[in-house]
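Notes for the one structure printed next.
Should a chain be cited, it is by its letter among A, B and C, assigned in written order, with residues numbered from 1 in that chain.
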Amino acid sequence: MLYREAGDFKTSYPEDSQTFPIAFDRWRYWAVLAIAFLVIPFVINDYWASSLMVPFLIYAIAAIGLNILTGYCGQVSLGTGGFMAVGAYACYKLMTAFPDVNIVFHVLLAGGITAAVGAAFGLPSLRIKGFYLAVATLAAQFFLVWLFNKVAWFYNYSASGQINAPERFIFGTAVTGPSAPAWAQYLVCLVFVTFCAVLARNLTRGSLGRSWMAIRDMDIAAEIIGVNPLKAKLTAFAVSSFFIGISGALFFAVYLGAVEAGDSFGITKSFLVLFMVILGGLGSIFGSFAGAAFLVILPVFLKIIGVDVLGWPTEMVAHLQLVIVGALIMFFLIKEPHGLAQLWRLAKEKLRLWPFPY
Amino acid sequence: MLDEGYVTADGRQIGGVMMDMRGITLRFGGVEAIKNISFDIREGEIRAIIGPNGAGKSSMLNVISGFYNPQEGEVWFHGKRRPPMKPFQVARQGIARTFQNIALFEGMTVLDNVMTGRLTQMKSGMLAQAIWKGKAEREETANREVVEKIIDFLEIQAIRKTPVGRLPYGLKKRVELARALAAEPKLLLLDEPMAGMNVEEKEDMSRFILDVNDEFGTTIALIEHDMGVVMDLSDRVVVMDYGRKIGDGTPDEVRNNQEVIDAYLGVAHD
Amino acid sequence: MSADFLYGIEVIINGLMAGVLYALVALGFVLIFKASGIFNYAQGVMALFAALTLVGVMEGQVPFSHVINAVFGTEIHHFGWEVPALLAIFVTLMVMVLFAWLVQQLVFRHLVGQEPIILFMATIGLAYFLEGVGDLMWGSEIKTLALGLPQGGSLVVEDWTAGLGGDDFYGFFIDKLDMVATLVAIVLVAGLIGFAQYTKQGRAMRAVADDHQAALSVGISLNFIWVLVWSLAGLVALVAGVMWGAKSGVQFSLSLIALKALPVLMLGGFTSIPGAIVGGLIIGVGEKLFEYMIGPMVGGATENWFAYVLALIFLVFRPQGLFGEKIIERV
């Protein structure tokens, strides 16, 4: 049955507040998970993994992270690239310092370290609001990237200034390093995405999530009804940075393999993730996926159409992409500030009532 | 009037002093918004603060709710002197409020808005919430039950899942009251709960205020411009003018106070 | 006077001149922010775009030529003429006015009344858009801006000051272009302040800055004022683009000066013209001095972040900036 709400009564509060209250949505959710876990790993090849699936999953984690800070708690950050760098370098230091520990713990711990750094840079948010804060987070962006470029300890004094991911295994299969098979890279990222998405959903549905949203919608009123702004903002910074750190660690260890802070985690990365959140939908976890998918697919799509089919110069297509992304950002902010997720929700609201809209 | 309280005209027993404001003075730069004002609020009573525009009523409420810290004077709550506090700490002591210009969280549904009122009562930690199943979910359900009772009480069941941004003004005021009530406050502060309402909505709101006081035994302090409403609802009235207190007593006493008539009611009746 | 001390002074003088240029870019931000509450991240890209357009017009480049060539398979590049500098500057200015009008009509008209942070994000979108358009229009290779501005160190100053510090000191090294830029910036700032204070449009602009509703009610066209301020910001962008373009070539990095102007604004307050100037000078001197004194100890290139961290620390203690008004929160 496609979409049905009338007659689908809930008899308990937990049932009413579950993630997918409509049965059809629940089915689709399990179907997507089943395909992602049981079908795609068997059919995926190197091209699909490296140009679409793996970056999509990793950016989705970063977008979820930024969405918690910006979409749920209302604090705009332009420091995402810097925090991803923290995750990457923390993961690298851990991988090389404790080679016997499983990579999964390294990635999680890298997230934890990033959370601490993020909370530290979130401290000024108590005094500074709005775009003052956005600009202040640029301090994090530039300072962190500079730090990782200049302090040789972070890249283990390697001559190139790069960090290279050594080969690491999960259940006997390489997941990092040049010989890691595509399906393993994909599966590792998928597990982390699923973990992060469930975590984010749980954290945003309860009292913590409500205190974030209260701060976002009206910080003064939130404080007067009993939200401790220090705690709310710092937890948002910490949780957000935790996810962003994980995505940075995966971006380095699983996806790229070799990283130089300025190239991979510059200010453009911050904007890219911010755009994913805006296009996908502020304050929506589904939107984080949609935005990440959109901005990962768009360049691939444009390259296929522009370069391969029409034969235009690569450089021109890249510029065209800037124009399109910029125009889309403005268009969405004007027409649909809640992004792709809202378009989806509106379509669903119509479907729920279909065929009797009145 | 004895220290142990008094009995109102309609036979309600009013208790001892809950909140005692002693010699409060509040300045913004060179401007004195409140000048050396003292008054008290007793357990179970409906206390009104009235006065012309700019008299300092809202500032007074902001002092009580901890949003402004007065330069001089002491705030005593439940027989203890309250040190300067942040607003959220005051809220945790059991003081909730509504706002003159509605301050709801526009991006959230009615239900979520009212649930934010429970934030002071919800204690499960970040880890428990991240896991959700178990402690956090139980807590959510228990608090949801409390909130649903208040939603029933204020008759806003039908708009539970509506985003607040889409509601008309009168309903928003009611949702705001629901959010304040959800905290199960000992003291409820209402800043012009009936501003901008028509007669019917005012009657509804008056009924809710009386019911809250009656059923939950909540102490209420309110600011209101509608004299008829104030005189009907409140047990005792403080009158402010230009930051000074010019009258304090039962509605009848205030009505017959010459200074009040001159400064306030007299002008209004010209 | 010891040579070290004199080199320190040289660093300060150069810092002051760099600061003037930061202030110039920051001024473009302040203009738009005061009148419309929009924090225009695209200011830097506007400077790049203006400089690209100026070069393109002077050299008689055909706009979008390589797009046309790629799509239609043609081989056009130049009109075959060269435009004198003054005329080209005028044409560029017209392009910037047209741009201002388009931006107002197509984008920000539809965002009136939105939260500042949404407007800010829209200007980030605008920056990407404009950067793409600029590259498509004029190509993205590095261009030189041949306006005939003086280049290189000023020998006059060097000779004149050489005697100050004994044998170790060879005189202040001061770039002639920086001196010209400083002069131009001072003239432009004076002009803008004069415009805002003494002309009818300037008064209307200040009225809008104070209160949109009130300005509307006395018959000021908000739309006109907003196009006006975007045009003025375009003018400031053009001047900034010319100065920076002449210094280091017209290329993408030029748009990054906007990022430098941000901490200037945080320091000076977003609504204050004197704040932008003083903030610019502080940042200019501060980052040069920091790099000169502390830089060698930590590996250099501290200019990348010094301004931000300074602004950040400063803001924590004074959130409204140097000259901003104190914020009284109300409910």
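Remarks
Going forward, contacts are C-beta pairs under 8 Å (C-beta built on N, C-alpha and C of every residue); 3 or more make two chains touch, one makes a residue touch a chain.
Just so you know, these numbers come straight off a predicted model, no measurement behind them.
Centrality annotation: A (chain centre taken as mean Cα position, compared with the mean over all protein Cα atoms).
Distance from the centre of subunit B peaks at C, each centre being the average of the chain's Cα atoms.
Once the centre of each chain is set as its mean CA position, subunit A and subunit B turn out to be 42 Å apart. Subunit A and subunit C have CA centres that are 33 Å apart. Between the Cα centres of subunit B and subunit C there is a gap of 50 Å. Annotation for subunit B: residues 67, 99, 103 touch two or more other chains. Under the contact definition stated at the top, the residues of subunit C that touch 2 or more other chains are 329, 331.
Residue positions of subunit A with contacts to 2 or more other chains are 220-221, 224.
Residues 39, 66-67, 70-71, 107, 110-111, 114, 116-118, 120-122, 124-133, 135-136, 140, 259, 262-263, 265-266, 298-302, 304-305, 308-309, 311-312, 315-316, 319, 329, 331 of subunit C are the ones touching subunit A in the complex.
For subunit A in complex with subunit C, the residues that touch the partner chain are 74, 76, 123-124, 127-132, 134-136, 138-139, 142-143, 145-146, 149-151, 220-221, 224, 267, 271, 274-275, 278, 310-313, 315-316, 319-330, 333-334, 337.
By the touch rule above, subunit B contacts subunit A in their complex via residues 65-67, 86-88, 90-92, 96-97, 99, 103-108, 112, 115-120, 122, 124, 126, 129-132, 136-137, 139-141, 144-145, 148, 179-180, 183.
Residues of subunit A touching subunit B in their complex: 12-14, 17, 199, 202-203, 205-208, 210-211, 213-214, 216-218, 220-229, 235, 239, 283.
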